[in-house]
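Letters A, B and C mark the chains as written, and numbering starts fresh at 1 in each.
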Amino acid sequence: MRSPSKRSLLLAVSVVAGLLLLAAATRPGVASRPVKTFHLYVNDGEWEFADGEKSYIVGYVAYNSKFEEAPPGAKLPAPTIPSPEIRVKVGDEVHVFLHHNGHSHAAKDSAFANVTHTIHFHGMDLVQAYDGVPGVPAEGLPAKLLGGVPVGSVYEYKFVPEYEGTYLYHCHIDSSTHILLGMYGAFVVEGKKPNTIYGHHYDREYTLFFSEMDSAHNEAIRTRGDYEMLKWKTDYFLLNGRIFTDDLTNPLSTIADPRSVIRAKEGETVLLRLVDASFSHVTAFHPHAYHMKVIGIDGRKLESPYWKDTIPIASGERYDVLVPIIQKRKSIAHDHNLGGMVSTGKYPRGPLTIFAVE
Amino acid sequence: MRSPSKRSLLLAVSVVAGLLLLAAATRPGVASRPVKTFHLYVNDGEWEFADGEKSYIVGYVAYNSKFEEAPPGAKLPAPTIPSPEIRVKVGDEVHVFLHHNGHSHAAKDSAFANVTHTIHFHGMDLVQAYDGVPGVPAEGLPAKLLGGVPVGSVYEYKFVPEYEGTYLYHCHIDSSTHILLGMYGAFVVEGKKPNTIYGHHYDREYTLFFSEMDSAHNEAIRTRGDYEMLKWKTDYFLLNGRIFTDDLTNPLSTIADPRSVIRAKEGETVLLRLVDASFSHVTAFHPHAYHMKVIGIDGRKLESPYWKDTIPIASGERYDVLVPIIQKRKSIAHDHNLGGMVSTGKYPRGPLTIFAVE
Amino acid sequence: MRSPSKRSLLLAVSVVAGLLLLAAATRPGVASRPVKTFHLYVNDGEWEFADGEKSYIVGYVAYNSKFEEAPPGAKLPAPTIPSPEIRVKVGDEVHVFLHHNGHSHAAKDSAFANVTHTIHFHGMDLVQAYDGVPGVPAEGLPAKLLGGVPVGSVYEYKFVPEYEGTYLYHCHIDSSTHILLGMYGAFVVEGKKPNTIYGHHYDREYTLFFSEMDSAHNEAIRTRGDYEMLKWKTDYFLLNGRIFTDDLTNPLSTIADPRSVIRAKEGETVLLRLVDASFSHVTAFHPHAYHMKVIGIDGRKLESPYWKDTIPIASGERYDVLVPIIQKRKSIAHDHNLGGMVSTGKYPRGPLTIFAVE
């Protein structure tokens, strides 16, 4: 899978440079910190929505649930929206390997076919070698680092998360296009104490990832690699990659997705991690039947929490909220910006899910 | 007005089921709580804007200012934008009857002609029987509850508000369309102490309700009952249902509406209840000449108030703000998202009103 | 430059009336407060973007860096986006003269050619005579005040800023159009103690002004003076008037602008003053590598600061944030609302700049 090309050798040099930076960043005497390793592979494919339509997408995939390195020649899973959630703990030494396996579903003559990729760990506040941003003049770093990870290469990102909370990771090459193709996922940093965040207890947790898609954009990228971005017109507003539909038995609906249906028991406290990677739509997340206590934003504890029943979330923001399950009831939770609830022009095809309390 | 049909009998069964839920929800020994009853009737009609154009709208109307039940055959008022504000007190036993009287102004062969309606009390955190949401599988509740209230029927919503603050109510059938047709109003829960909210004193109060309308959508719903929602293009950005115009004597302008012109005296404190039910426009409410102290959001007291002169409000949000009237002056207050100030393509046709301090 | 016409005589009367108001507003016994005088001149011209395209703009210009009055017949600088930043201190007696010098670059038969202008000091909370708003019925003030400052006239605004913080000034005649043409700038009120804001220390500061432009709008105003505002389509999303481009040596790019490239040294604390005057785009400002401590909003100290890495900003809002420079690194900072990063349809042409830490 790895092709030790000239390019990757150069990248290897940058990895060494990065290691030095990492060494400088870690404190002496903490050699025993846990190491967590994740292998992510770029993969493209088709994503089917609950209305039966399909769209070209690109994502990061994991070979297995442990994010282990894929054996040579192993078949990779198809991409999903969002990409798999990564979980680490405060103080872990995190190693993320990005393997660029190419875009087997893109047209061969598409300008997208051989583009590079990176990972930007949004909110992690990393040094340049691990920040995933191309094109920034890099003092002391190889010029090739600037171009992103080419097809057939691998790059290692390393860092030690200092703050518990909710983050996201996404590609930062041609970002609007690569993100909107599907190259994003949640990145969660847990605190040291189980079921505790920012000092607050919770019984269960769910990550709700909001995003947008313009399927015409994705198809244009697949076939030509180019799109007039001012023509962007979102046709899918997504919660964890799905839309709701009136058909409650639809296996592709949000409510057939265990990541999105919020199950809890009376008396419990549910942590919701709200994440957004939109084009420009501001999602107004509104659960019925419950108020939410906002306890942290963008990976930082809120000193003065406040209560909301409708939270506007812009692209790149994260809200950590606690929901006390005050009573057995079933309710819905959805985007209250009504324009977000009409994917493909039809209501209620949008980010809507169910709170199912036993 | 009520037609005791098979449908309403089934609905009556669900009301009984709901009553049991209510009984379970109320604490024993508080039989003496005040009962507040409101009768709301679905009605449709025409709404005229300050530019002389008219649009089909649908709303909830009250027979009289006490929200009493209309006598058989009584003529109902025409709908307004927004629907009448409902006011109760913390601890009241609130009963709201929704009477669906049909859509006499819709084309008979419009798919909209016989649709059902409900009331969702946004932010009240109710059990399913009173939450106004169709289509959610309802354990122990009659299936018919799921479809909404049909033409010719009545449904009773019951609850006891626990938190003072500002809320809204709106239809939750085919929500994007029904809300945007005009089916929304403010719902205010007063505290026990007069002129006091969240422990803060105020001398006067105004409710400013922001919303959007696409008159082409409304006309399509009236005639066909169908609209390609991705074509939505707001042509009216509204404050309490109206736009401002350059003609200060226009009787249809915001500033001819006593609900919207903020009159106060020097030294007073004015409470503004900001409510929003937009399509996707984020209103940036900006009063000139005054800063606002944000004391509560979404029906909950803010422990750490803050000051703003421009408040972004997304659909479904409410802000309770205090304005100390520091000096005799006249000023304007408007949406600072400039795109909201150009209804019908012309400035200053948008949510703009006047602070008139004596 | 000043033409003592009938109009300006009438305006002079209003200035007298305004002076009386100012006298009433200032406290007795503080005659020794510093007087700060600024002369701003309306000027129009062409603005070139980093993609080589040019657009008609209108702005306020200063004759020199001291904002002194221009000698008769002096050539004025071309307008810039944004207009020059004005700086005063809490307690200063501020005098701002608006000279309307006409629109020499507009077509003579454009309806825009002879429009009036004003200055609204957004967030300053001024009495009507100095608030820059036309058309509001003015008790005790000459009717002519209502029309704005005509070509060839001058008007004096006077006030004493009470609160340190970040504000903006802009025209309030036909506001959506005049603002979007470029008539806006930052207005900063410093506290009495150097390098201190709201009691917090900072080492350096930058003002980042976000705005939008639709070059078709600007051209229509220049040639005809009229634009169907519902057709508004932003093609330039700007940071201090510029877009970023892939060409790092482009002299017109954001990163060739010393106002926008954030230079700092390890261990310092940087104050960023975020200001927004958008059409309706919500900018989601996201610096890589750093979290921001939000210490003040809309010109008021925040009692309970909080941390963010992505701040949504709507038109008219200001955020004062502190960035502790924790480590030597170079990173980018940009709008994370991806739609804002595709000016002219191409990524990364948007509000993107660089944090360059030595």
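The definition used in the following text is that contacts are C-beta pairs under 8 Å (C-beta built on N, C-alpha and C of every residue); 3 or more make two chains touch, one makes a residue touch a chain.
All of these numbers come straight from a predicted model, not from anything done at the bench.
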**Fill in**
Between chain A and chain B the C-alpha superposition rotation, given in steps of 5 degrees, amounts to 120
**Complete:** Taking shared numbers over all numbers used, above half giving same and below half different, the chain B and chain C interface sides are different
**Rounded Å distance between chain B and chain C, as computed from the means of their C-alpha atoms** = 36
**Message:** Could you pull out the residues of chain A that touch at least 2 other chains?
**Reply:** 282, 304, 312
**Item:** Residue numbers on chain B that touch chain C, as the complex places them
**Value:** 233, 235, 246, 248, 281-282, 284, 286, 288-291, 304-310, 312, 326-327, 329-332, 336-342, 344-348, 354
**Message:** Considering only the defined contacts, which chain B positions touch chain A in the complex?
**Reply:** 25, 120, 122-123, 125-128, 131, 133, 135-139, 174-177, 179-180, 228-232, 278-280, 282, 297-300, 302-304, 312, 314-317
